[in-house]
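Note that the chains are named A, B and C in the order they appear, and that numbering of residues resets to 1 at the start of each chain.
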Amino acid sequence: VTRLQLETRRRSAASAAEHLANATTPLIRDAWYVVATSEEVTREPRGRDVMETSVVFYRGRDGNPIVLQNRCAHRSFPLAQGTVEDDTLRCRYHGLRYDREGRCVEIPMQSHVPAALRVRAYPVVERPPLVWVWFGEAASDPVQVPHPSWLGAPGWDRYAGYLEIAGSYVHLHENLLDLSHLSFLHATTFGTPEYARAPVEVAVDGSDIQAWRHVTCELPDIYAVPLGSQFISPGLHVNTGHLKNLELATAAIATVRVAQVITPASRERTHYWFVGHRDFALGRPDIDDFMQRAQYAAFAEDQFAIEEIARLERIERACEFSEAHLPSDAPGIAMRRRLKKLADRETVRGAT
Amino acid sequence: VTRLQLETRRRSAASAAEHLANATTPLIRDAWYVVATSEEVTREPRGRDVMETSVVFYRGRDGNPIVLQNRCAHRSFPLAQGTVEDDTLRCRYHGLRYDREGRCVEIPMQSHVPAALRVRAYPVVERPPLVWVWFGEAASDPVQVPHPSWLGAPGWDRYAGYLEIAGSYVHLHENLLDLSHLSFLHATTFGTPEYARAPVEVAVDGSDIQAWRHVTCELPDIYAVPLGSQFISPGLHVNTGHLKNLELATAAIATVRVAQVITPASRERTHYWFVGHRDFALGRPDIDDFMQRAQYAAFAEDQFAIEEIARLERIERACEFSEAHLPSDAPGIAMRRRLKKLADRETVRGAT
Amino acid sequence: VTRLQLETRRRSAASAAEHLANATTPLIRDAWYVVATSEEVTREPRGRDVMETSVVFYRGRDGNPIVLQNRCAHRSFPLAQGTVEDDTLRCRYHGLRYDREGRCVEIPMQSHVPAALRVRAYPVVERPPLVWVWFGEAASDPVQVPHPSWLGAPGWDRYAGYLEIAGSYVHLHENLLDLSHLSFLHATTFGTPEYARAPVEVAVDGSDIQAWRHVTCELPDIYAVPLGSQFISPGLHVNTGHLKNLELATAAIATVRVAQVITPASRERTHYWFVGHRDFALGRPDIDDFMQRAQYAAFAEDQFAIEEIARLERIERACEFSEAHLPSDAPGIAMRRRLKKLADRETVRGAT
């Protein structure tokens, strides 16, 4: 390899990198993100940092979730410290009261309430067990909530978990689309030798980004590792595992589906919920527990990876580092190209 | 409300905001600030971070406080780690010794001491129980020390406290001038229903910024909540409560005065001392304790508010947020306009 | 002193300061630095942050140390989390395997391995008990490893220690070259009154920067304080103490040598190893323990000084501070001028 060739490669790598989202790419606002699970939203207000802002959520009298800007329009006090009165939320600093649309409806010190006095109210759609919120400037469309029909549906038993990751949501998405790390990062959790050998099949078709791995194995246990991995939206990723009996050549005898719910708190911190579903061994809480523990063990390894990557990126901010891509990265690359396009589109629009 | 009207309002709000001090406004140096209470200043040197610098203070042989730059002019070691010898302070790194004017008077390694070798000595005025220091470039004038005659005077019983607040001194000043938050933030400490109903009277006359609330109530207890609130200087705020018997139509039968002493450590951290005085129930340490505990409870709520506001401002650095002002904010707005003018004046002068 | 004279002095001080390295000067890459002691380098990979990057080190099958870039070229995972296989290191994220030259030699997901896929391998020279690494862009020359012949040689008994300092390596070097602080900072550890009185002799000759202090004393103990201090390279400083019996006018009867090993983790953090040698009281582990404890006590004082200086520099980033220099600083000044020249040379070269 000549020096010129190396330089050419380096330049083309740098130029390719420009089209891929990474940990510094601006967040994508025109998308639905989960801010809480249904059971977290009660009549008690609760605050959470999401999408480089802070929101407060509580449940209205009709049972619907309400999500407002957490920062009081008057003197920036967190409304999450306040009290819910009917559908309204009263700030604990000066008693200003906001309705579910974010309009101020009471100022204790005066009788007149300026019409312009309000906090932002976020479009919210609850699809149990998740509460989705729209942070974009564009108009929200509930039809676009990326809620798969099986998620939270009857006929499945579920287990769930949550991790807060000190790293970028882009890296988490890439981790999830990447089936090739199972045998290594998860060697002692769910990366069996059969996995290492199994062929991966990738399908990138417009916005449909999927990877499948066909694993032939003795089922080691009741627990089936997810085999298919699909990027749905910036806020959602889905893993699917179909278990088949190859001797009988029948359809799948059992299925596991995991909603991987991803919400950036900021570019540096990520909320990560997972909600697993299975259609076998129903009604057995011991299996729920087993699967939840197994996933926590494996996902903690992913968390470790993403946080270590963030740490190295921080240390080497000044270093020239050009990431190498492998054919197995195709789904991740497609996803990152997509996120970059979405982010660029918002940047351009924001500038006009 | 049309879109144009909204935009007009937004612009006029932004333009008004330009004239108000906030958490990012440069500190005002031409003012007297407390760096310590009298009892903190002893023959043992002690360091403290104030006004974006670090000072060391100790008491000279004549009993007067000495305040010097904490950073040794030679190799930046903190003089507060050193030892006092007569009126001088010896650095513990190389033994350089400075006198009360900050002049180096001894270098152990050599006989010659360059005349230019010195640390900054700050003008200091002790008005027990407080020690005031001048950080400005302009000449200091002890007459301008904002020490009220009653502060530390005989005839009063006192209690005192200290909090370090991870937030802006501007927000603390505004909090203190604002009587309308008592019934909410302090609902369980000193915000009684009578307070919520009581009218507020505001007086802003040049540099005199005051707010009074006339509360009619059954005295719930020996403890009288301060009713009047006055901005004195960037480093001092005073609360006054006059207790009257309206039936007897006499003058005040008892008075409570609290010196709220405010010294920025930086724009992000604030030293906060309070020194309460009362002219009734004299000689009763149980009442001192009661009042100190009550104030700590309430002021910790203010600390919480100011720190939460700082946290939200930090999270939302990039967000467009335009603060809404209410008529009850008039004293705070007047104070912030004043601070901004003082800061601007120093910036202009610094540039010439 | 007139105002003009003061201004002239201030300007000439500022101009002199430009030629001295300080805590913000870019690190010098063309130099050998210790990344680990010999006993830290085993068949288990281990990571360490050095020179504003992160490296992984392990020992090859031939027993030689291998030092690679810690960040996998593929997805930035720390190789230090991986596993050693023969001379290669396998990443725990996707199983990529690198040889001792940093070339990728296996990608589990594919049969082809691109020739350009590699991590940086650092030139490494082990001189027990230390492992030296070259971080420069210029070609490395093992002959330039600043290993003194006595270091780790037979005929000496040794003790060693390690501190991580939250401050600049420039300040640590200056501290070590400066014998004048012993009587003050180390007053209760090894600064005896005899030290305070002893004359210092300074020799700065091109790259040779030394300071000697001739102390006449009753030996208080078996322990001899190092008397000579020599800057060897950005990564090494040597202290030497010759103990003589002046009555007998013989040559030194005993010698203590301490290798002060200094490796910047970054401009703000410094690795600091010390390896003491003595040629008397051989074979007495109680003396090893005594000397190690004594050095830890004294060096912890230096650590305190350097960290406090870093803290004051941080607080006063915005302040104008012009460091005063004394004749006794000559060795430190010479060293800082040298470091600045080396740093400037690399900056200029990097720009072309």
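FYI, contacts are C-beta pairs under 8 Å (C-beta built on N, C-alpha and C of every residue); 3 or more make two chains touch, one makes a residue touch a chain.
Given the structure is predicted, the values throughout are model-derived calculations rather than measurements.
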{"item": "Copies subunit A and subunit C - rotation angle from C-alpha fit, nearest 5 degrees", "value": "120"}
{"item": "Residue-number overlap at the subunit A/subunit B interface, same or different (half cut)", "value": "different"}
{"item": "Distance between the centres, which are taken as Cα means, of subunit B and subunit A, whole angstrom", "value": "45"}
{"item": "Junction residues of subunit A - those touching two or more other chains", "value": "none"}
{"item": "Residues on subunit C engaged by subunit B in the complex (per definition of touch)", "value": "1, 6, 9, 174, 178, 180-181, 183-185, 187, 196, 200, 305, 308-309, 311-313, 315-316, 318-319, 321, 323-329"}
{"item": "Residues on subunit C engaged by subunit A in the complex (per definition of touch)", "value": "49, 52-54, 70-71, 73-78, 81, 90-95, 107-110, 114-117, 266"}
